[in-house]
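Several structures are given next for inspection.
Next, two complexes with subunit A in common: one pairs it with subunit B, the other with subunit C.
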Partner chain A sequence: MKKITILTLATICFGMMAFTSHSGGIFKTNTGNINFFSHTPIEDITADNHKVKTAFDATSGKMQFSALIKDFEFPKALMQEHFNENYMESTTFPKSTFSGMIENVAAIKTGENGIYKSTVSGKLTIKDVTKDVSTEGTFTVKDGVVNAKTTFVINPTDYNIEIPKSVAGKISKEIKITVDADYRHAH
Partner chain B sequence: MKKPIFLLILLIALGAFLYAYRAYNKPHTDVASTEAAETISASAIFQAFELDDSAAMVKYSDKVIAIHGLLLNRDLSNEKEPQIVLEGNGYDGFIRCGFKPEYLDKLLSLQDSTTAHLKGICMGMNGSEELDLLADKDVVLSNCTLID
Partner chain C sequence: MLRSTLILFSIFTVYAGNSQTLDLLDDDESSPTTEYTFATFKTNRVVNGHSIETVAKNEFDFKISHRFGFLSGGPYDLFGLDQATMRIGGDYGITDNLNVGLGRSNVDKTYDGFIKYKFLKQSTGEKNMPVTATWISHVGMATIKWTQPNRENYISSRMHYTHQLLVARKFTEGLSIQLSPTLVHKNLVDSLSRPNDILAIGAGLRQKLSHRTSINLEYYYVLPNQLETDKTKSLSIGFDIETGGHVFQLFFTNGQAAFEKGFITDTKAKWLDGDVRFGFNIARVFNF
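== the complex of A and B ==
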């Protein structure tokens, strides 16, 4: 009887430890989504990347992203060509990265289902130009998967993205970036 | 005399319009019907990027590349682009291959730990040593299609 009680207690303790470990640690995905959207009266331009590498440390709050520029897919092949060759020079500058911190990460209980708001601030690098960005995001925890969503705006000229005058009317001065990623605990 | 000139101008304008229309609406590369620019093993293309990222970008990016390598797993977590992962360099380097959602059934029928043969458009190498959480690297291929 005593043996069974000890065994039961040990099992409960082990279970609790396992649960606690999932409340911290590294959460990661290689299949995050980033969309960018440009709206002008002449034309809407949108592109998606579904293979964004991103992770966050649920203990320290550190959050990082790495996205391949060539992997943004446009509805039209010509737009994609112009984006890569003329504006982003993506063979020379193949990646965009972000490295920052989730504020008050302790409030995001990755071991409990729930919805949490937090601000993420850090450094965004595009075309080797690094700028500070800060955005409010929503973290939704459901059955061990942490979904992070945020939307923010960047100005292409801040990152040395020069838009020729001939197409300036078709490309917005403010590009809306939407991030949507499902993180899983990295074992 | 005026009529032939008018017709000529009209034909040139029509030609220019058609050229611009076709260029604007040209389709994306159809990987299935495009001959691979290069056939290479998963570990060899990973090594090429690891050795010299810039040179490998010039050589492989935007090109249809045929790849064969050990299938480590299928990553179906993003329904918009199901993916498979090939071994590139042990547990530190991978080849990540994205497919259109209509390939899902074919991907489900693949067996892990077998050799996969596919072709896709090379996008470059993702991951960075400067980002400690993302130090593992993937050579990324998109719009992939399986080769029988």
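== the complex of A and C ==
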């Protein structure tokens, strides 16, 4: 009798998990994109990272990112080397992370195609500096895939990124970060 | 039984709720990846000689190398600045690991060309490799007028070749050391008693002072009984400054020529006599 109770309970539990996974649950990808863009009259600098690990919890609203600095790809090899060696010190600080909340997660129906907006705010860590950031994100649900997009601006000096005077004219004080990731439900 | 299951379940839930910041990601450090070492040297020269570094695919590294006269020339020669030898040339990346280069030096009006291939890359992680290794073969051609124009001179007598295995390790973020076993072959030597093949071993060291500057040391040891008695070994100490697109290498050396056969086997000046030259290499990388 007891065995049957436990079995029933287990079935119900699994059933509930399956149910929650439909409307909530964890959404993940290991191939999120982060682009940064620095514009100055002298030079535009851009780099892409296509190997960003990110996930969000559609129930609690927790959202997280982890990007390896070495995975940022530049059009010029020398720029990439200087980015890692001189600016980001990627041997000492190999990754940059974000951990925060989708504030209006309840509005995002992951089971229903549509476009939803929500503020995402949390802590962004670059090198050894952690700062609060907040940005407006667009979540597009299409056939079970949730695409999240956002753009925000950071100042490199806020994150201990030293820019020598000799190149100060080539690197913007407002670096535009664009995030674009396709999340799938994690089983 | 039921109760204990429930307790276990609630403990698990509480635990999951309290766990650390990146709990949603499989951010496992031990996942099998290979980390390749980069920037063992600031540029593809230590001082006079090549480093293991290669220029990236489709990039052209334009180089102007100057060596002035001897500091011992004193104020009359403005410490050597009245005289200069120079090489102008460039390195080109066919791939990230395969480079070719050309240059022309005013020492014996020498044209030189080389082919350079990086075949091992220092790495850690899934693939572990303690060193980076590069092979380089140079060919040089002196086009200066024959010293004895009356005898029969062959074009082949103008040629010399240098082969080097460059092996380097970046020990720390700041310290890199390179060893460069070298074979120089001269088609024409001064007398029958002189060897055509000369064996040498180079040693290079780079210590970073800041993100953009470093101190470099380079010494080429020539194995005994190979050089003429008036020749000596090349020793150089340099200072690299990287400014984004340019690398400036400022140095003191007793070598005169900016090509391998020249500074490895033809150096006459001795540091202890004050016969040291100030010199610089300017490298500018262009992208195609």
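We adopt the following convention: the second predicted complex is superposed on the first by the 167 of 187 C-alpha atoms of A that agree within 3 Å, B and C clash if a C-alpha of one lies under 4 Å from a C-alpha of the other, contacts with A are read in each partner's own complex, and residues count from 1 in each chain.
As a working rule, contacts are C-beta pairs under 8 Å (C-beta built on N, C-alpha and C of every residue); 3 or more make two chains touch, one makes a residue touch a chain.
Given the structure is predicted, the values throughout are model-derived calculations rather than measurements.
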| item | value |
| --- | --- |
| Superposition on subunit A - do subunit B and subunit C clash or fit | clash |
| Which of subunit B and subunit C A:K53 touches, first, second, both or neither | both |
| Subunit B versus subunit C as contact partner of A:E103, first or second or both or neither | neither |
| Contacts of A:T31 with subunit B and subunit C, given as first, second, both or neither | first |
| Which superposed partner A:A67 touches (first subunit B, second subunit C, both, neither) | first |
| Contacts of A:S166 with subunit B and subunit C, given as first, second, both or neither | second |
| Contacts of A:H82 with subunit B and subunit C, given as first, second, both or neither | second |
| Clashing subunit B stretch [against subunit C; choices 1-9, 109-117 or 127-135] | 127-135 |
| Doubly contacted residues of subunit A, that is, touched by subunit B and again by subunit C | 26, 28, 30, 53-57, 62, 64, 66, 70, 76-78, 84, 91-92, 97, 99 |
| Subunit C - residues contacting subunit A, complex | 1-2, 5, 9, 21-27, 35, 38-39, 56-57, 59, 96, 173, 211-212, 242-245, 285, 287 |
| In the complex with subunit B, residue positions of subunit A that touch it | 26, 28-33, 48, 50-51, 53-57, 62, 64-68, 70-71, 73, 76-78, 80, 84, 90-92, 94-95, 97, 99, 182, 184 |
| Subunit C partner contacts - residues on subunit A that touch it in the complex | 2, 5-6, 9, 13, 26, 28, 30, 53-57, 62, 64, 66, 70, 75-78, 81-82, 84-86, 89, 91-92, 97, 99, 123, 162, 164, 166-167, 170 |
| Residues of subunit B that touch subunit A when the two form their complex | 23-29, 53-54, 57-58, 61-62, 75, 77-78, 80-81, 83, 96, 98, 123-128, 130-134, 138, 140, 142 |
